[in-house]
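So, here come the structures, one by one.
Look for subunit A in each of the two complexes below; its partner is subunit B in the first and subunit C in the second.
Right after this comes the complex of A and B.
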C-alpha cells in the first residue's frame, strides 16, 4: 500500500492556522463531550501537524480505518446510540479530527472546512444566546480566511490580506443574509425528531414532593418573560398558573387529567392582554396569568384548565394570552369529580385527617373550615424557609405537627390534604408567583426562583378559588418576592435579591437586550414571520418571493457597482506616466510607438533608426521593463525613471 | 502544477465548433485584448456544489430544530457565496491579455505562446490560471499595475504556421466556489520548423569536406587571421586568449572555410517525399550550424547565401518551415 504523500502546497503555516481555528470552533463542544473525544481530536491535530513539519507521509489507510471503527464503537458504547444531538456532535467532532489525518492536498481542506461549518451550526442546537452570534460571525470570518488562503496559487499572500478580504466578504454578505433571514419562507419544523431532545432543562415538573419547588427556587435562570399591553398587574395578582396536581400518594402530588372538555369559565370583561416568551423546559405546560380567558389555536386547554403545548417545548415559545383576575371556574362539579378531589391515601397524614375532621365536625361550611385552617397556620409558629428539615416518613404530619418549617410546597401540600380530609375538594397548583419588572423595555422577568405552589379549593356556586397558605405564613413572599420573605442567612439566589446595585442594573440591561434577541431573532418562527410580512403588505408567497428577489438584486447590484468602480479607479501609476512621456518625446521626434510594440521592440527600432540615442533609450527601457515586469519593484524606480526621461532629448 | 480541484473542471461536452459559436471568446486585436464582462462566464465548481449541499444540510437542520442561529449561519454562508461570485468575476474582468511572438519550434515539440497578463487598474489579480483543452498550464498572481507572464503550450505536430488555439483564462479565487473564465483567441502564430531527420543521415554533397574537416580536427585548418567578433560566431572560433587579455572579442578566420562552404540544395533531396526532404535539409542545417560551418540553402525560388550564426540559421529553417505552403 503506497502511503499518500503530503502536498507541498499546504504550507505548515496554513495548516497550523487551520488546526487552531478548528480547535477554537470545537471548544464549546469539547465542554460537553466526553474527555477522550477532545483528547482524540487534539491528538489527531497535533499528529497531523508534526507529520507536516517533519515532511513525513500520512498514516496508512488501514490505521485510519481502524481508528475510525474504534472511535465509532467508543461513541456507541458511551451514548448507547449514534443518533441524537450529543452522539451526533461526538461523531462530527471525531470524524473531523480523523479527516485531518487524510488531508493531503488543498482540495481535502475543503472537506475539513465544510465539516467545520457544520460544527459551528451544531453549537447552536445547544445554545442560542446572544454571545453565540458573535461566535458565529467570528468563526465564519476565520473559516473564510482559511478558504481564501487555500486558493492562493502561489501561497505568497499575507495573512492580513486574507483577514481583510474575509472580513469584506462577511460584511458584504450581512445585508443579503438579513434579507434572507427576514423574507426567506420559513417552514414549520420539526421534520424529524431525535431521541434525546429536551435534556436537562430546568422548570417545574409534573409532580410535586417536599423539596422539589425549593430546589428550583435556587436557580436564577429565567423561566419566562411577559410583556403586557397595558398596566402590569400588582404583585399580589401575579399568579402564573402552570400545572394542576390532583393526585396525592402520601408523598408526591401528581397530575391525572380527566378526559373531559375544559370546564366553563365565567369572567368579568376586565382583561390583561400580554405576550409570554417562555424558555424551553422540555415539557408541555404553559404558564398563564390567573385566569386565562383566551388563547391562540396552537394552545390546548385541559380539563384542569391548564394550558398545554402540543409538543414538549424544546425551543423558546412566544404566545399571546388574555387573562381576567375576576373569574369563576367550573361552577358545577359533577359528583364523581368531586369525589376524586377528596381522595387521600389511607395510610398517611393520620393526624392531619383527625384535625380536619374535628374542624368539619364543628361546622360543615367550607368557609368556616377555611377560616379554621388559616387560623391554624397563622397562630402557630410556622416558618417559611428554603431549607426545611427533611421529612422522610409522613411529610404532612411531620410538617404540621413536628417541624413546622417549610417552603411553599409544604404549605400547599399540607393545606390541600387538610382540605380534602375536611371534605372540601382541593388540588395543588404549581407555577410561578411574582416577577420582576425590567424598567428597560417595561416587561416582567419571571425566574425559576419565583416558582411557587398553592392550592385551589372548590366551593359550590363559586367554583375553584385560589388559596395560598404561604401568604398566611409569609405575606412578604407574595408582595415583595422570595428574598424579603426568607429569614436572614438563607441562601437566596443572587438576582432574586432586591438590591444588588450596579450589577443588578447591568443584568437588567443585559436581560432587556436578550429579551429583544429572544423575541425577534430567536422567536422569528413561521408564525411571527407571517405576521411581520403581512404588516409589510406581503401576505402571499408570490409577493414575498418577489420582494426577496428584488431586495437581493438591489443589494447585489449596489455591491457590484461599488466593487467594479473601485477597480476602475485606476491608481496613479508613476511608471506608466513616465514611460508615456518618454514615448511622447520620441513621437515628436518622428518615432511613434506602435500599438503592438512592446517597450523592448520599440527600443530596438528606435536604436536602429537613431543610433545616437542608443544609450539613454536602452537605459530608460531597461529601467522601465525591470520595474514593471521584474519580480520586485525598487521603490526609487519611478523617481530614477523620471529623472532619466526629463534629461532625455531626442 | 498546483493540484487545484478546478483544474479538473470540465465544460459541457459540446463540439468545438458549437462551443465556438455559443461561447464567445475574446480575440486579441493587434496582440492584446481586455476581458470584458460579456465574455466572462461563471459557474459553480465541484466544491461550490458541495458547498450548496452543506447549505442545504444547515438549512434543513435549522428548520428541523427551528433554530434561528442555524438559519442565520445558513443564510450568511449563502450570502457569502453570492458575494463571492462578484469577487471571482471582478478578479478576472478588465484583465488585459497580450500575446508576444512565440519562439519557433521544431515539429513534434511543444510551441509556447507567451501571454502577458496585465492588471491595469489599482487592483491586484489573484490566482489567474490558464487552461488549454481541460488542462491547467499555469497559474499566477498579477500585482496591481503590473504584468505577469503565462505560457500557452500547444503541441506542434507539423511544420508551417501554428495558430494559437482558443484557451481559457480562469480564476476560482477567493473561495473556490465559483469559477469565472473567459475564452481567449490569440491572433498569434508560431513558426514550426520541420523536424530534423533522426538517426544516421547521408552527408550533404560537398559535406565530405566538412567531414574531412571535422575528422582532421579543429586546429588543422589553416589559420588566416582575426576579425572583430560578430554575434553568432561559433564560440570555438573566438580568440579567447585575446579576450582573456581584456581585448575586445575577436574571431579567428580560417582559409579552409571557403573550401568547406556548404550548399544545401533542394535538388539533392528532391527524390524524397517532400516532408522527408525538408526534414533532411533541416537536419543538415542543424548539423552544419552545430559544426560552425557556413552553409547556404537553395530551395526552388529561394536562395540564401552561405553564412552562419543564429540569424542565418533561423532564416534557413523558416524558409523550410514555410516552403510551398
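Right after this comes the complex of A and C.
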C-alpha cells in the first residue's frame, strides 16, 4: 500500500514561519527542560519541513505511536511523574513537536497553533516579569498572524496584511484584558504553586564576619524598593534594620534570639509611612526603616526588634510599615540580658580589651566611653575601603592596631567589641544604609551595594542607641553613598555609581517601569482591587456587578451551547456521514478520495484501480449520488446506504 | 431526446477529429443559451466547428470576418434608399448562428455593436427595434497572439461569453486521420441536420429543469467564494458568472443524459466558464491560466 502524497497543506514559507515561531515560543521553556526534549522538538520541526519541501508523506502511524510512547516514558523517567508544572510543560512541548509529524489537515494545523498559544500562556506560570509580558504580546501577535494565514484557504496573501490584521486584533484585545484584569474578582494567593527556584539565598545572611558585607557591596542587584507616603527621610536617617547579631565568637558575629516577647518601644510620633517591595532572598528577614512601630499581622517581631516573615521569601513581598526616627527601645534591660550583651570570648581581642578597660578606668559613664571611642576612630588614620588586608589572626586587634583599613563590618565589629569590653552592652546590626531616589516614580531603590553594618549600644534610661562607627571614619558613606566614600580605583558596581550618564538614566526608567509592574500588576491582590474599585466609585457596585456579569456570562454560554448544538444537528447529514465512512474504508485500502474529487470521479478511479470492487462501489455511489444530488431523496436512502457500506469490505 | 444529442455529437466528432470534450462543451454552451468564444490559432478548426454545429442543428449560419475597418452597420445592417423608399437591409447578424471571426481585429465600437446585439437579442436601427432570430447563438473567435492593430476584448465584454474554449492541435492519431480523410468542406456540405430548430428550443428549455440539489449549491457557492478570497485574482467570479456556471453545469448534465447536476458536472465546465473571467494578479512562470483555474478546483472540497 502506498501512502498518499502530502497535500500542500500550507505553502512552505508559511510552514517555515510557523515552525520558527513555535521554536521561538519554546525557547524559554527549553531552558528549563531536559536537553533531549529540545533536541526532539528541533528534529520533529526539521523533519516536517523537509518532508513538506520534498512533498513526501508523513511518517506512518506505527512510528508516530512508537515515538509518542517513548517520549512519554522518557518524561516519566525524568520527572517520576507526568503531572505538575515541569513534567506538564515537558509533555506539552514534546507533544506539540510530535503533532507536527501528523499535521496533514487544516484541523491539525489549528491544533498545533492552539498548543502554541497554550505554551505562551504557560510561560507565565514560570516567570511574570515585564520583559516576559512583551515577549508574550509579540508571540501572540505572531501566532495570530499564522492562524489567519492558516485559515485563508491557500495562504496566498501579503504577509504584512496578516501582520496588520493580527496587530489590530492584539490591540483590540488589550483593553478587554485590562478591564478584565481590573474587574475580575481576585483570589488571595496564587492559584497554583510557583516553582521553587532552588531557595537561592541572596542578600544579607544571619552572620557577619570580616568580608561578608563588602562582598555583598559588589552587587548592584536591587534588594528592595520603598515608596513613601510623604517626604523621603534624608540619607543620614536611612538606616534599614534587618538583622541584629548578638553573639561574637572571636571571628563571626551571629544571631541568638532570646525567647522573650518583643521589648517595649516608646516613640515620639513623627512617622514615616511607606511600602516596601522586597525582592525574594530565600530568607526570613524583612528590612525596616529604623525604627518600625507597627507592622501587619503576617509579620513577626522578635525580641531583638527585628521583623521576620513566617517562611523563607521565595516570592516578592510587599508590606506596609510606619517608622519613627525618634524612639526609645527597651529602656530597661534585665540583668541577665545585660550580661549577655557584654559577653566576649576570652581568647580574642586582648589588646582591644586592654584599651577599653583603660577608658573605663578613666570614667564609668558610658557617654564618656563613647566619646573616647569616637576620638580614637577619628584621630587615628583609619581608611574606609572595600579591599582591606586579610586579618587571619585576630580580626579586631589586627584591624584596630595594625592595618586600620576596613569596611563597615570591620568598624562595627571592632566597635562593638570595644564597647562590650568597656562594660557597655552592645550588639551589631546589619541591614542597608541609604538608597537611591528614582526621580521617575519618586521611590527609593535600595541595592545590595547599600548593605551596611552598624552598632547599637544600650544606655540606662535611653535604651538602644544606634552608633555607626563608619560614619566617623567616612561621613561620605552615610551622606552620599558608597561610591563617593571609596577611594578612586575601588571596584564599585556599575549601577551603584552616582553618575553613569545615559545608561544609568535608562536603568532608572526601566526600574521605575518594573516597579510599577511589580506593585500594580503582580501585586494586584484582593485588597488592592477593592481600593482601586472604590476609587473608581465601583465599591458598592462590585458584588452586584459581579453577580450581574456572572449571570450574563452564564446566559451567553448557554445560548452559545444551544446554538452550537442546533448548528450541529442542522449541519449533520446522514448521507454525507455514511459516504464519509465509505471513503474512510477505501482510504484504509489505499484509495483516498481527494477532497476536491466528486463521487462519480472517485468511483471511476476506484473501479479502475480495483476492478474487483466495481459492483459494490458502483451501487453505493449510485445510491449516494441519487440521494444526495438527485431530485427526490427517498427517506430510506440513508438506511440503505449505511447497510451497503457496513457490508462493504475493500 | 438524448438520442438526438448523441447523434449530433457523433456527427460532429466525425468532422472535427479528437476534440470530443471541446465539442461537448460547445454543445452544452449552446444548450445553456450561452455564447461561445474560441481563443486559438488560425487553422485549428474553429470555423468548421461553428459551421458543423449550425448545420447539424438545422440553423442558418453567417460568418463575419472582423477587420479593422469593419463598421457596426456592416454587422447590423443599414437602411438604404431604393426604388423610391427606404428599406432595411439586414446585416449578417440576422442569422441563427453567427460566427464572428477574429473579433479582436475590429475596433471597440464595432465589437460592442456585436456584443450588444448578443446581450439584448435584438438590434435597434434608426429608432426601430428588430428582434434577432431564435434560437440565436454567437461563436466569436479570437487570435490569442498579440498582434499589431488588434483590440483585445475588455474584461467586461469577455464576461458576456458563457464559455471560452481552446481547441488546440489535434493529437497524432486524429491528425493522421484528418490528413488521410476527405476534404472537410465536402463533408460539411453533405451534412444533414439531426434536429430541427424547434427541437433545439425544446432541449434548451429542459436545461433549467435539471435538478440542482442543496449540496451542489453549497459546493458551487464555495467555488465562487474561494475565487474571491484566495487572493490570486484581481476579482473573483461575479454572481453572473455563478449563474452561468450553474446553467452550463445543468446543460452538461443533460448532455450526459442525467437528470441531476453532480459536482463533476460543475468541475467539467468550470475551466471554460471561469478562466476567461479570472485575471491572476501575477502571471506565474510556466502556468497557463487554465492551470490556475484547475488549481482553484482542487482547493475546494466537494461536500
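Remarks
Basically, the second predicted complex is superposed on the first by the 331 of 650 C-alpha atoms of A that agree within 3 Å, B and C clash if a C-alpha of one lies under 4 Å from a C-alpha of the other, contacts with A are read in each partner's own complex, and residues count from 1 in each chain.
Everything that follows uses one rule, which is that contacts are C-beta pairs under 8 Å (C-beta built on N, C-alpha and C of every residue); 3 or more make two chains touch, one makes a residue touch a chain.
The shown structure was predicted, so the numbers you read here are calculated from the model rather than taken from an experiment.
With both complexes placed on chain A, subunit A has more residues touched by B than by the other of subunit B and subunit C. Of the two partner chains, subunit B is the only one touched by A:121; subunit C is not.
Of the two partner chains, neither subunit B nor subunit C is touched by A:532.
By the touch criterion defined above, A:598 reaches both subunit B and subunit C. After overlaying the two complexes on the shared chain, residue contacts for A:625 are found with subunit C alone; subunit B is out of touch.
Legend: residue contacts after superposition of the two complexes on their common chain; A:42 is shown touching neither subunit B nor subunit C.
Contacts of A:576 after superposition on the shared chain: both subunit B and subunit C are touched.
When the two complexes are overlaid on their common chain A, residue A:150 makes contact with subunit B while staying clear of subunit C. Once the two complexes are laid over each other on the shared chain, residue contacts for A:301 go to neither subunit B nor subunit C. Common to the subunit B and subunit C contact sets on subunit A are residues 152-154, 156-157, 573, 576, 595-596, 598, 628-629. By the touch criterion stated above, subunit A contacts subunit B in their complex at residues 7, 9, 105-107, 110-111, 114, 117-118, 120-121, 124-125, 128, 132-133, 136-137, 140, 144, 147-148, 150-154, 156-157, 165, 169-170, 172-177, 180-181, 184, 186-192, 314-315, 521-525, 552, 556, 559-560, 563-564, 566-571, 573, 575-576, 595-596, 598, 628-629, 633. By the touch criterion given at the top, residues 211, 213, 215-216, 226, 229-232, 259-264, 267, 297-303 of subunit C touch subunit A in their complex. Here subunit B touches subunit A in the complex through residues 2-5, 30-32, 47, 50-51, 54, 57-58, 60-80, 82-84, 86-87, 90, 93-94, 98, 100, 120-123, 126-129, 139-141, 144-147, 149, 172-176, going by the rule given at the top.
On the side of subunit A, the complex with subunit C involves touching residues 152-154, 156-157, 573, 576, 594-601, 625-626, 628-631.
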